[in-house]
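Each in C-alpha cells, the structures are laid out below.
Below are two complexes that have chain A in common, paired first with chain B and then with chain C.
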Partner chain A sequence: MYLLKRFYKQPLSTKLAIVTLLILVMGAVAADLYPADPYKTNIANSLQSPSWSHPFGTDDLGRDYFARILHGGRATLTVGLLSMAISTLVGTTVGVISGYFGGTLDAILMRLVDLLMSIPSFFLILIANAYLKPGMQNIILIIGLFSWMGISRMVRSVTISIKEREYIQYAKMIGNSSKNIMLIHVLRNVAGTVWVAASIQVANAILMESALGYLGLGATQPTASWGSMLKKAQEYLGSHFYLAVFPGMLIVITVLCFNVIGNRMKEGEAQ
Partner chain B sequence: MKPILTVEDLHVHFVSNSETTYAVNGLSIKLYSQEILGIVGESGSGKSVAVKSILGLLPETAQISGKIALGEERLDQLNSDRLRQIRGKEIAMIFQDPMTSLNPLFTISDQMTRVIERHLHLDKQGANELAELWLRRVGITDAKRRLNQYPHEFSGGMRQRVMIAMAMSLSPRVLIADEPTTALDVTIQKQILGLIRQMESEVQNSVILITHDLGVVANTCHRMVVMYGGMIMEQGNVSDVFSHPAHPYTQGLMDSLPSENNGRHLVPIPGQPAIATTEPKLCPFLDRCPKSISTCFQKMPVLTEIKQDHLVRCWLVEQGGNDETI
Partner chain C sequence: MVRLILKRILQAIPMLVAVSIISFMLIQIAPGDPVSAYITPESQPADIELMREKMGLNDSIITQYLRWSSSLLRGDWGYSYSNHRPVAEQIVERVPATLMLMGSALLVSIVSGAFLGVLSAIKPGGWIDRLVSLGSNIAISIPGFWLAMVLLYLFSLKLGWLPSIGMRSIGVNTTTDLLKHMIMPVIVLSFQDTAIISRYVRSRVMEELKEDYVLTEIAYGAKKSDIYFRSVLRNSLLPLITIVGMSLPRLLSGAFITESIFGWPGLGQLGINAVLRYDYSMIMATTLIASGLVILGSLLADILYGVIDPRIQELD
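Let's look at the complex of A and B:
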C-alpha cells in the first residue's frame, strides 16, 4: 500500500520508467514460459520477417528472435544488476571506511581510486577480459570491480559530512564502537546516495555489457545478450534492419528507464 | 574524601600545519561524589575541550597530556575496548544542542534500547521497559507512544529530556552536561536544570555542568570553577565565590550579570577572549584586566588558596587581598 502511494505521487516519466522496467524484468524472469526455444536452429527458416508465429522474426540460423530477445534480456539485466551489486558493495565499503577514518587510510584509498579513475575503465575492462575466460561470471566480476570508484567518492564525501554531526559524537560518547557507528548511523545516512548511484550504475553496466558484447567479448555463443545480438545484426543491417532495431531499442529503453529513476531519486534526495 | 573523577595538569593542544592552539593549559579538577560542579567561562575558554578530553572525544589533531582518572582507573591510558565500556556506562554526557544529538533516522526507542542492551546486557523487552521507565522519570508523558516516535516529533526541551533519560538510564557515576540549556528558552531551561538536580539527588551521581551562565551556576551547582584561556582562574564553593569573587575576571563576569534590585548598569568586560597560539607565560586575562599590576607582566600567577577550598590565580591576591564584596 505504502509503495503504491509513493508510486502514485511520482511524475509521469518516472511512472512510465518503473512500469517499463517491471515489464522488461518480468520478460527476463519468465523467458522460459515462451514456448519457442532460443537455441534451436532451423536453417530453412532463417531470416524471416516478423510474423504471428515469430513476433520478432528469426535470425540467420532460423532461431526465434523473440525468444532470443527475452533470454538476451535476462543475460543483460543479470549482468547489469549483479555488477551493480558488486560495485555498490565495494564502493560503499571503501567510501564509508575512507571517509570515517580519514587520515592516512583515506589518503591511500583515495589515491587508489584516483589511479583507477585516471585510466579509462573501458580499456581496463577490455584488457582484463582478454586475459580471462569469456563468460557471464567474469563479465559481471570485471564490470563490477572496475566501476566502484565513482560511488566510493560520493559515499566518502557524504560520510565526511555525516561523521561531524553531533549524534555521531553522541554515539561515540555513549560507547559505540567505530564499526557500530559506521554500520548503524553512517550507513543509514548514506543509503540515499547509494540508491541513486546504484540505479545509474545499473544503466552504465548494461551499456558496458552491450559494448563488450558488441565487440565480441561479452556472452559467448549460443548464449544471447542484447549487445552480442546487436553485433550479429550488423551483418544484415541492409536487408533485415529489424534484427538490430529490437535489441538496440531495448538497450536504449532500459538504460533510459534506469537513468530516469536514478534522476528522480536524486531529486528526492536533494529535497 | 576521595574524588570520583580526577583531572591533573591537563594540557590540550591542537596542532595544525601552520600553528598550535593552546586550548587547555594545566587544568586540575577534582569531582567528588554527589556534587554538582559548575565550570564557567566565556566561549573559547576551553571548557568543552577539557571535558571532551576526559572521554577521549577530541579529534586526532588534539595532543593531550596529563592525568585523567575515574576513581583509581587512569582513563588516559585505557585501551579502546575498556574506554567504550566506560563511555556511557560510567561517564555520560549531554550535549549542547538536543536538536542534533539524536539521529533523525531512528526512533527514540531504537536509539535508547540499543545503548541499554549493550551496556546493561538486557534483552530487547527489558531494554524497552527501562527506556520507558526513564522517559517517564524525566517527565515525558505517554512514554510508551513517545518511544516509537522520531526525533522530529519532539520539541527541543523534550529532546533534551530524552537525552537526559538516555544518559541516566545507564546510571553513570558521572554526568557531564555541556551547556545543556544553551539551545533552549528560559522556561525550558529552568525545567531541565531542575531535572538535572533532581536526577543527581535521586541517583546520587556527580554532575559536571558546563555553562557560561552564572545564574545557572548559582541555582544549580555546589562548587564552581571559573575558566579562562584554558586555566582555572578561580575555584571554590558557589556561595564563597559569589559573595567574595577574588579574581578580576570573576568580578567582571559578576558585573556583567543583569541584576534586578540594585539598579546598576551592566558593566561588560572589554575585549574578546583571545585564542592562545603560543604557550601562555603570563596570566591569559592580562590584556583585558582592569586591575593589572607590574608583577602581572613578569610571571604567571599561581593558584593560591585564599580561604579553605577557595582558590584564585591572581597576583593581586598575593599582594594582600582584592576582595570585592558585591
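Let's look at the complex of A and C:
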C-alpha cells in the first residue's frame, strides 16, 4: 500500500519508466512460457518478416525472433543487475573506508581511482574480456570490477561530509568500533547516493554489455543478449532492418528507464 | 602560473608510469602465447624455444618491463606481432585521424550543447526545456553502435547520401569527400556529450541568471539574446573546460567503437583489431597512448582553466 501511494505521487515519466521496467523484467523471467523455442533452427523458415506466427519475424537460422528477444532480455538484464551489484558493493566499500579513515589510506585509494579512471574503461574491459573465457559470468565480473570508481568517489564525499556530525562523534566517544559506525550510521546516510548510482550503473552496464556483445565478445552462441543479436543483425542491415530495430529499441528503452528512475531519485535526494 | 603548470606535470608523470605498468601487466597475466603466431606444423620444439628466447619471453617480468619501457622512451615500440610492422609507425599514422574525429565531435557537442542548454534555461519547464530534457535522456541511453547502424541504414543504404566506410574515397582527395565521411562518425561520437553538456549549461545558466549583473543589464535595456548568448553564456562556459576534460575517457572509449563500425583508420580501430588478434605489443602501445591522451587532456584542461581564470592559482 505504501509503495502504491509513493508510486502515485511520482511524475508521469517515472511512472512510465517503472511500469515499462516491470514489463521487461516479467518478460525476462517468464521467457520460458512463450511457446516458441529460441534455439530451434529451421532454415526453410529463415529471415521471415514479422507476422502473426512470428511477431518479430525469424532470424537467419529461422529461429523465432520474439523468443530470442525474450531470452536475450534475460541475459541483458542479468548482466546489468549483477554487475551493478558488484560495482556498487566495491564502490561503496572503497568510498566509505576512504572517506571515513582519510589520511594515507584515502590518498592511496583515491590515486588508484584516478589511475583506473584515466584508462578508457571500455578498452580495459575489452582486453580483460578477450583474454578470459567468454561467458556470462566473466562479463558480469569484468564489467562490475571495472566500473566502481565513480560510485566510490561519490560515496566518499558524502561520507566525509557526515563523519564530523555530532551523533557519529558521540557514537565514537561511547566506544563503538569504527566497523560498527561505518556499517550502521555511515551506510544509512550514504544509502540515497548509492541507490542513485546503482540505478545509473545498471544503465551503463547494459550499454557496456551490448557494446561487447556487438563486438562478438559478449554472451556466447547459442545464448544471445540484445547486444550480440545486433552483431548478427548488422550483416542483414540492408535487407532485414527489423532484425536491428527490435533489440536496439529494447536496449534504448531499458537504459532510458533506469536513467529516468536514477535521475528522479537524484532529485529526491536533493530536496 | 609556471608553478601550477610544473606541479600538474609532476603529478601526471607518476600516473603515466603507473598506466604503463598496468598496461604491461594486463598483457602478462593474459593467457595465450605470442609465439603461437609463428608456429607452423613443421616447427620443432627447439625452434619454438629459440623463438621465445629471441623475443625475450624467457626473462623475468621485471626485466621484460624495464626493457620494454626503456625502449619505449627511446622511441622503439617494437613490432606488431600480427603484421610485423613497427608499432610506433602504425600509431603515428593513426593518431591524427582519431584526434580529428574526437576534436570535431567535441566541437560539435560543445556548440550544440551550449546552444540547447541556453535555450532550455530561458524558460525552465517550458516546452523547449522539456523537449531538450527528453532528447538528452534518450541521447545518453542510445548505444553508440546502434545509432551508427540506424544512420548507416538510413543515409548510406536507403538514401545513398553518405559513404558508409572509411575516411576518404579511393583516389579522391578533396575536403568535401572527407567531410562527407566524417558526418556520421562525428554525429555518433558527439551525441552523448551534447546531452551532458546541454544539461550542465542549462543549470549553470539558470544560476547565472540570478546574478545582479543580469538584472542591471535588463534594467539598462540590453537585448535579451545579448544577455543570454553573450554575458551569461560566457560566464557559464568557463567550468565547461573541466567537464570536457572529464569527458575525455568516455569520448575515447566511444571512438574505439565508432571507428571500428565506420572503418575510420584511427587508433580505436587499431586497438580493437589488436585485442581480437592477441597482438601483445600493439595492445600495450594503444592502451598507453589512449591513457596518455586522457592524462594529457586533463592536464591541458587544468592548465587552461588556470590561465583563463587566475583565481584558481591563488587557491592552489
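Going forward, the second predicted complex is superposed on the first by the 271 of 271 C-alpha atoms of A that agree within 3 Å, B and C clash if a C-alpha of one lies under 4 Å from a C-alpha of the other, contacts with A are read in each partner's own complex, and residues count from 1 in each chain.
The working rule: a residue touches a chain if its C-beta (ideal position, glycine included) is under 8 Å from a C-beta of that chain, and two chains touch if they have at least 3 such contacts.
Everything numeric here is computed off the predicted structure, so don't read it as measured data.
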Do chain B and chain C fit side by side on chain A after the overlay, or clash?
fit
First (chain B), second (chain C), both or neither touched by A:Glu166
first
Figure out whether A:Leu215 sits in contact with chain B (first) or chain C (second), or with both, or with neither.
second
Report for A:Pro120: first if it touches chain B alone, second if chain C alone, otherwise both or neither.
second
Would you check which partner chain A:Ile108 touches, where first means chain B only, second means chain C only, and both and neither mean what they say?
neither
Going by the contact rule set out at the top, does A:Phe241 touch chain B (first), chain C (second), both, or neither?
second
Please work out whether A:Gly175 is in contact with chain B alone, chain C alone, both, or neither, and reply first, second, both or neither.
first
Just chain B (first), just chain C (second), both, or neither: which does A:His185 touch?
first
Check the contacts made with chain A and report whether chain B or chain C touches more of its residues.
C
Shortest CA-CA distance between chain B and chain C [superposed frame, angstrom]:
15
Can you give me the overlap between the chain B contact set and the chain C contact set on chain A?
none
Interface with chain A, chain C side, in the complex: residues 15, 18-19, 22-23, 26-27, 30-32, 137-138, 140-146, 149-150, 152-153, 157, 249-250, 252-254, 256-257, 260, 271-272, 275-276, 278, 283, 286-287, 290-291, 294-295, 298
So, in the complex, the side of chain A touching chain B is made of residues 102-103, 165-167, 169-177, 184-185, 188-189
Which residues, counting only chain B, touch chain A once they are in their complex?
55, 57, 60, 84-89, 92-93, 95, 97, 100-106, 114-115, 118-119, 163, 166-167, 170
Enumerate the contact residues on chain A facing chain C in the complex.
114-115, 117-124, 126-128, 130-131, 203, 207, 210-211, 214-216, 227, 230, 233-234, 237-238, 241, 244, 248, 251-252, 255-256, 259-260, 263
